[in-house]
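Structures follow.
The two complexes that follow have chain A in common; it is paired with chain B in the first and with chain C in the second.
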Partner chain A sequence: MSSNIANETTCAFSDRRPWTVGRVLKSRPFLYAVSLCCFFFGWDYLARTLGTEGSSSLARPAQVWTALQDLYVNELAEHKLLGHVWASTQRVLIGFSIAAVLAVPMGLFMALNRYVNAIVKPLFDLLKPMPPISWISISILWFGIDETSKVFIIVIGTFVPCLLNAYNGVRLVEPELYDVIRMLGGNRCDEILHVCFPASFPAIFAGLQISLSSAWTCVLAAELVSARSGLGYIIVQGMNLSDPAMVMGGMAVIALVAWGTTLIVTALEGYLCPWKRKIAGL
Partner chain B sequence: MAPHSSDAPVKIACAHVSKTFIQKGKQEVPVLDDVSLEVHENEFLVILGPGQCGKSTLLRIIAGLETPSTGSVTLKDKDGMAREVQGPGSDRGLVFQGYMLFPWKTVQGNVEMGPRLRGLPAAECRALARHYIDMVGLTGFEGHYPHQLSGGMKQRVGIARVYANSPEVMLLDEPFGQLDAQTRIFMEQETARIWQAEKRTVIFVTNNIDEALYLGDRIVAMEGKLPGRVQTVYEVDLPRPRDFTDMEFLRLRQQIIDASRLTL
Partner chain C sequence: MTAYREVRVRTPLILKILPVVSIAAFFCLWEFVVRSGIVPETMLAAPSTVAELFLVKLRETDPDGALLQQHAWVSIQEAFTGYFLSLAVGIPLGLAMGWFVVAEGLARPVFEIIRPIPPVAWIPLTIFWFGIGLPGKIFIIWLGGLVPCVINAYVGVKMTNPTLIQMARTYGASDWQIFRQLCVPSSLPMVFGALQIALACCWTNLVAAELLAADMGLGFMITMGRRLAMPEMVVLGMVMVGLTGAVIGIVIDRVEKKLLAGIRR
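And now, the complex of A and B:
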């Protein structure tokens, strides 16, 4: 009897069709390459036509690359390129970690206890619409222009998405799963341990991803206002020196590093939530 | 043939159970009205009725997930002592219509859950789970997650999960309601096979007459409207495994259809 039930399980099968010209033209890596080539050639074309050589307000890709090589080798305000990358990353990681460690348990606690919720929720509803960048001036007044004020801004900017997603993750748990635990003989503790926590994991990670991108926005804003290091500082220096290649180089490096940190969180999620369906693309 | 089910002692009984839900506003909706029934040890009792007749509510009351407005449910435990049911417990195992597997646990993890919550040693939990996974025919799928299984396989996990917790009474709430017709018939055959391999006291809720006749020792037919009342109780004295096209099967089927038409 058990032999005829092995149906509908997921099975990956390899594609053995030959590589024809038509198939190459429609394949995803090829289209990615086309997309990127068009972008870089278009950019280069615009940069060449918009201004005379050397004084364009739009730097050519090759100029940006040269500027980055220059930053990589030579010091700018006592740091080479990797030093600035590390300065920004360090701020992001510290602020993001503080927010995650405080906000996730708080969100879970709010969802699990309605008294805590009733006391804390109004405060968050009040502070939520306030853009985190609006805290920059007050944080400089409070903490000065050193690291603390930058980390503070990041904590402010990442706290709310972390908290709200953890909160919603618990609130949106299928209520019948609690019935299952009670039916199997479990108590309230088992409900929290075996249903609340694992069920809210995907939402918590979604919150961490949003927080991380918010953290990069915040660190950049803080560095633009006052800093002696970091990628935001490179951009400001580029602006002061009227060097578009340097500004755009800083922008490109930020995109690259932020993307890298996102990948780390995604990998962590895949490791901790192996049950999540793999969604192709995106 | 097995001794007649009504010779066995009563395992679980509902006495004058009524339930009224209070909806938003203060409108009272009577769902169950004075339902009394007795289930004998190792009997397969089917509660049959159309949608919205209170049968699932009755099952949830027996499971302890709802409290009756009046009346009580008494269960005879392993020592033969009858006691009133208060809230859910591992002595009654419920198989849900919507499977309700833990998506973050593998088949093995889902089936192990009951024994682990009751604090059994890990090795024993694993062995119990393995045994019941084999029994429901999912050998080789222990490491799969629920989203990798078909509907029929998910419900096999649901049944194994309840078996592994060795409840006194098994409650099945329209377990095959979401399956296609062919898988459903196959799962009914499997349920009969599994139940005959390890007999338990079963209360099985369904809206499908064929399913009721195929599985039940007795069928409690509910009235087709709210509040739910017991209409007729049918003894199904057919040998197992049963045949959907047997003359006696078809005669009983017609009898139940004729009787239910009066109330629909």
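And now, the complex of A and C:
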């Protein structure tokens, strides 16, 4: 993007026209509010109309809220709601840390040394296209249905995006930056320390973000297949009891927790690498 | 890259040999580990066993009730139906969200609510709604593909060079003209990126949907392999899923290179 300055001027510009009805109708906060209201009322309406025949397949928002409160107070399989949240989060954190600690240095190493690349890349290309979820069956065969198999799935699922992004982050560093450091008399070590690492940091963090959402998918899939605790277990229990309120409560908690962890990584990124360029929007 | 002189670099012989050696070593080690009994055969199948089963499964329906190509065909059908539906909904939605304030204001909050929920978590609800038939699986796959489509199309429009937009305004272009003739073309590389990402998501979710509820398909084959304690079938299913996904990915990459020859570096 060669248009950074233009971007900044657009952002700094503020509209001082008077507020008219048309402007209020088109302003973001108003539209957001309308959209959220429509969403919740539409959901409630659908649930009421569909659920009249006794066996409803959609819970009303209020029912979901009650189900969540119930889970918060009462135990389900020896854990309260927070216990289940913690069980899932723990698995995600363990698997995610293992994968990040292994994959990021390996990706960097692959990008920096072509011999390592020649050895590791083909193996990696071989394993890459297999969706992590397809490993669930084999991990159950290997590790049984306890914690290890779930952590294994998460490691598999988070490894690929971490490694790929670290690798591409170094490879796509602008060659001009290397020229600058060579002009200033730097050696290979300076190149790596002062160019490769800082320049690839945003890409590495993007990889961590992707792998975090992948980790949540994996942990849920693993818990849906076999577990005795965790958010996936809540959903499965809801399914077995045909209680849509419990299922949707579980989904809401998952959305909340996944969103929270993403926020934490974003905050960490802003703290650790302030030189990252921001793209407006998502 | 005009500033650089084209330099022909000869790759040393060892760099050409190493990849072959590493793959060969991987398969030999795998075969050896299983044959010598370090890893019991109930946990992992040797590559040769998997290849054997591959040939057998092309002709016999035992023990999971369908031929290998039938499984693969069912999976491909499901994945592609969901994939194209998600493209058809997600890309226009993302493009509109990127340019029109009203579209963004109305769609964004709902999208932000749905986005962090992994598609896998929808499986139980989908089973309530659609049963375990085809529509349910397509719904899951559609959800999985939707999010990357919307995000990429949105970011693609947002990354349109503002100078160009200001210029178009100066020349008196209407909002719709700017959207159609400037924002959409300039977001194409991102949109094509979405095709790849969405495909990968769809493929992952396909396996997830089939692991839990299916009577045919590659994911179902993997599950059956586990239930029957036949590791060779699990591995065969994984290899087939990986292979099919990789082939489709390569095809899309080719199409993209052809269509966008002038746009990407």
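By our rule, the second predicted complex is superposed on the first by the 252 of 282 C-alpha atoms of A that agree within 3 Å, B and C clash if a C-alpha of one lies under 4 Å from a C-alpha of the other, contacts with A are read in each partner's own complex, and residues count from 1 in each chain.
Just so it is clear, a contact is a pair of C-beta atoms (placed from the backbone, for glycine too) under 8 Å apart; a residue touches a chain by one contact, two chains touch by 3 or more.
Here the structure is a predicted model, which is why all the values come from computation and not from measurement.
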State whether A:180 touches chain B only (first), chain C only (second), both chains, or neither.
first
After the superposition on A, what does A:241 contact: first (chain B), second (chain C), both or neither?
neither
In the overlay, answer first, second, both or neither for which of chain B and chain C A:267 touches.
neither
Could you tell me if A:217 is touching chain B, chain C, both of them or neither one (first, second, both, neither)?
second
More chain A residues in contact [chain B versus chain C]
C
Touching A:24, do we find chain B (first), chain C (second), both, or neither?
neither
A:198 in the overlay: touching chain B, chain C, both, or neither? Say first, second, both or neither.
first
Indicate the residue numbers of chain A shared between its chain B interface and its chain C interface, in ascending order.
1-2, 6-7, 10
Going by the contact rule at the top, pick out the chain C residues touching chain A in the complex.
4, 14-15, 18-23, 26, 42-44, 98, 101-102, 104-110, 113-114, 116-125, 127-129, 151, 154-155, 158-159, 161-163, 166, 200, 203-204, 206-208, 211-212, 219, 222-223, 225-226, 229, 231, 234-235, 237-239, 241-243, 245-246, 249
Chain A residues touching chain C - in the complex, by the definition given at the top
1-3, 6-7, 10, 26-28, 30-32, 34-36, 38-39, 57-58, 114-115, 118-123, 126-138, 140-142, 175, 213, 216-217, 220-221, 224-225, 232, 235-236, 238-239, 242, 244, 247-248, 250-251, 254-256, 258-259, 262, 279-282
Using the touch definition from the top, list the residues of chain B that touch chain A in their complex.
63-65, 87-90, 92-94, 96, 98, 100, 102-105, 113-114, 117-118, 137-141, 144-150, 152-153, 156, 161, 165, 190, 193
Please name which positions on chain A make contact with chain B in the complex.
1-2, 5-10, 174, 176-177, 179-186, 190, 194-195, 198-199, 201, 273-275, 277
